[in-house]
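Think of it as A, B, C and D in the order they're written, each chain with its own count starting at 1.
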Amino acid sequence: MTGGVARILRAVRGDAASDRVVPPTGFTVRLTLFTAAAMAFLAVFALALSLAAGRLADRWGDELARGATLRISAPADQMDRQVGAALRVLETTPGVTDVRALSEAEQRELLAPWFGPDLPLDRLPIPQLIAFSETAEGYDPDGLRLRLQAEVPGAVLDDHRRWRRPLVAAATGLRILGWSALALIFGALAAMVTLAANAALAANAQVIAVLRLVGATDDYIAGAFVRRFTLRALCGAAAGAAIGLAAVALMPDTGDAAGVLTGIGFRGWHWLWPLAVPALAALTALLATRAAARRVLGSLA
Amino acid sequence: MTGGVARILRAVRGDAASDRVVPPTGFTVRLTLFTAAAMAFLAVFALALSLAAGRLADRWGDELARGATLRISAPADQMDRQVGAALRVLETTPGVTDVRALSEAEQRELLAPWFGPDLPLDRLPIPQLIAFSETAEGYDPDGLRLRLQAEVPGAVLDDHRRWRRPLVAAATGLRILGWSALALIFGALAAMVTLAANAALAANAQVIAVLRLVGATDDYIAGAFVRRFTLRALCGAAAGAAIGLAAVALMPDTGDAAGVLTGIGFRGWHWLWPLAVPALAALTALLATRAAARRVLGSLA
Amino acid sequence: MNRARGSGTTGPVAEWLASDPTTPPAPMDAAPVISFDNVAYSYGGGALLTDITLDLAPGSFHFLTGPSGAGKTTFLKLCYAALTPTAGDLRLFEQPVTGLDRDGVAHLRRRIGVVHQDCQFLDHLSVAENVALPLTVAGMDGAAARRDLDELLGWVGLGHRRDARPPELSGGERQRAALARAVIVSPDAILADEPTGNVDWDMSQRLLTLLLELNRMGRAVMIATHDLSLIRAAKSQVQARVLRIANRQVQVAGAEL
Amino acid sequence: MNRARGSGTTGPVAEWLASDPTTPPAPMDAAPVISFDNVAYSYGGGALLTDITLDLAPGSFHFLTGPSGAGKTTFLKLCYAALTPTAGDLRLFEQPVTGLDRDGVAHLRRRIGVVHQDCQFLDHLSVAENVALPLTVAGMDGAAARRDLDELLGWVGLGHRRDARPPELSGGERQRAALARAVIVSPDAILADEPTGNVDWDMSQRLLTLLLELNRMGRAVMIATHDLSLIRAAKSQVQARVLRIANRQVQVAGAEL
């Protein structure tokens, strides 16, 4: 494998003479430049989408879905006892964590939109809310319900699962979509560079024949093509990625309110990801062109 | 213009002899096929995204954002009078429509998540909610507040505008993004087909020289190339669009809950849109190849 | 002459090869096929050819000689409108070349058979299809044409190679195929650039015979060559004029050849 | 022979052209440059060449003749490993060609100068760069090589065209450039396929002189041609053997030539 890497490095390092000996490959190289730019642009978007979807899936999965509430309605004299019992039950339920009875201030804040800020909570038979989180393993809601029924008759478990599943599935699906779009984009880039390199090599059959006639080795001939396509893919992809990054940065960021796509963008070290796109595009072009060159040269006398 | 169309039709209709006379253009035609397929696939997705974003922007603009509420907290004996006054004020405010006091059942339903279903609404000093919609022209919230302050001292106006604007802007931005992605995709297709056709023509300089030598006209030579690239673009785009449609149809549809991307898909007659993609791709290829052929042939003796 | 060529005259190879050698040549006073009037040509540097004034009559037979690089190929290219004079007046079939658009040139080429010095073919078609290409392009490939094609391929010794691809031909076979392609439509003028550079003496005599027969049917023939023995052989059979390019001028060579 | 060619022997055109014509030829009993042992070749149909048994000694001079399509080009292609025999044993510089990989063939080509029948060039490079291509590929293009290049271009009459692109050359100029390219590294063997098909008599004598000088320096030379006068001219100056391809056999022609 290291031998292969050394060969690749040697191939990329370049040789001015052999670069000059292979004619400017005009349209096919321009095509590679353009394709790499377009694909890098799309790759940056797909990357941003995947990362945003990943963040969303994490958030939905972690915060929203794992937060559940228990509502206890009871006559005022039984309230404290039932709340205490419920807290005990929850704390001993596997998969349940962060159990906490909401304070009066918190309950008031939750209700303010409906009743205004000056609701006389103490004079109302308002239920007590207990918030708790779910660990990654989750808990068994049916078992919990049964235990509560026995010990805390006034408790109603509000399990967010019923609308959690499709949401998390959607976000995960989106993330998969993003990554497969990325794979597709690089596959398309490889296919296009291969075709372009093939076209360039086929168009230069006479050049190759002349070079073979005067004693040029396959590596010498292929090297010039490989370097040229790799360099163009790198440049094109760098330009495309830069434009893509600019476009992503310019997208209006409306925060969480607006859902998935408007939350697109890179956060923190995620900004490093798009920098890998040109490198990956160049590597793709290098391997694709090498394979094409090897095949075409082998088929010529 | 009709002369141009007739020429184009004549060019597409084909001529077996001239098709045979131009050699199989191998990689460049395969490149066109592949590019057209990839671009059509992306175009279908961009189309679905645009249409979904359009639907979302409409919905947010119409329903959600235009719904506002008025909350009236008052002593029980003044409640009816204040509600009546508020309704009158709202009904005479320009830009306000669909004014309606929420029924007891509706209020109960809204509060059930918090207090359980058996809340004694009649025994509680619960505020009365009045829902109303906004016409397309909108209303003046400051003016309304002033009038309410004077006539209905217990009223609080809950104006959704503060979070309506960014949402609608985001959806509209998304729609614009989708359509510009479409334009970009077709631009990229045109550029790639032009480059591929140029590469094919350049690679066939000898063929063109031979054909010119034996008396072939430019139309005869160009026709074969144009037909070939147009046909390949059509086939490729049809395949790509079909795959894209299948992918869109297979995406999990989680309804409104999940925001934008998961709501992607075509509704009703919108399914006709993606059918236009292959036709447009073929037209793009036809024009691009014709331009390229004309340029290359003109530059050869 | 300006005789309209209907489909009836398409590739009548059988006719030429069987034609009575005593058929009178076309009248030499008919309108010239190609007419140079004070023509000059330059590739951009100094003038390569100057002061060419010359008429090629229908039914005439010309040789074109001169050292390598003198401008023989350039002169022929002027004759089939691949190059446009940089000065002077050049008429092909009485039409000034400067007034021709690209389609005009294309249609003119159907009346002129050309053998290029570096014979080029469509490598994806068979030899027979390549030779028949002028018929295909002009939409004249009927059954009669196909019979003529077989006969012509046989004459130039390519009958057994008719289904080969051009890259599989030997150098001399390529030249013969190029000559066959140039004469398949029995064009009014035939311009051949070193058509016998790669064939042996016997074959060059065979090719010369073919051109002589066409000439006897009234076609104008011009052969650029540096093969003096070919010129001598032709002169014994036809009244050929030898043009010599020297000092940027095209001169009629004397009897010394 | 198997003499290692260091950079000191790179393109010493000055040396060849100035060399004393009395330099003794390389010993004819040295190991053969090319050695055929019962070799046969077929393009897929019937055999084109059979039973070739022949040695080309260093310093030998051969002509190869035969009618068009006999297999001259095919024979030369066997000699520089562009084709592999379908039967028999062929050795180039004592290496069996069947044992050569693609890089082996590439390195072998640096010891053999080839003039193709259809001279091909790199159209984006100048004539001088094309002629120097074997030096470039072998990484030997120093200052001395460049001086030799100028001299060689002058000898073949291309000094004034050195900066032109190959498509701008005339047919004969291309052949001369191809010959110059074939001899620039002063290779051990020179194989030329119709090198004078498109040049006039004077120039063909000049090219022959160049090949004769190289031969006198010990290089093996083989020229495929149908130009009998060229063979006659050479035979008056060197002890050349004439090979004739007939009936699928390569025979040494008698004194009748």
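Definition applied: contacts are C-beta pairs under 8 Å (C-beta built on N, C-alpha and C of every residue); 3 or more make two chains touch, one makes a residue touch a chain.
As the structure is a computational prediction, the values presented were derived from the model and not from experiment.
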Chains touching both chain A and chain D, listed by label
none
Top contact pair of chains, counted by C-beta pairs?
A-B
So the chain most remote from chain A by C-alpha centre is C
Chain centres from averaged Cα atoms put chain B and chain D apart, in whole Å, by 69
Separation of chain B from chain C, taking each centre as the mean of its C-alpha atoms, in whole Å:
63
Cα centre of chain C to Cα centre of chain D, whole Å, reads 33
So what shape is it, when you link every pair of chains that touch: line, ring, star, complete or other?
ring
Every chain pair meeting the contact rule:
A-B, A-D, B-C, C-D
Chain D-touching residues of chain C, taken from the complex the two chains share
43, 66-69, 72-73, 117-118, 157, 161, 168, 170-174, 176, 193-194, 197-203, 226, 228
Using the touch definition up top, name the residues of chain B that touch chain C in the complex.
17, 20-21, 23-24, 206-207, 209-220, 297-298, 301
List of chain C residues in touch with chain B within their complex
82-83, 102-103, 105-110, 114, 116, 120-125, 133-134, 136-139, 141, 181
Which positions of chain A touch chain B when the two form their complex?
26-28, 30-31, 34-35, 38, 42, 49, 53, 71, 73, 110-111, 113-116, 118, 120, 124-127, 129, 156, 158, 163, 166-167, 169-171, 173-174, 177, 188, 191-192, 195-196, 198-200, 202-203, 251-252, 254-255, 257-262
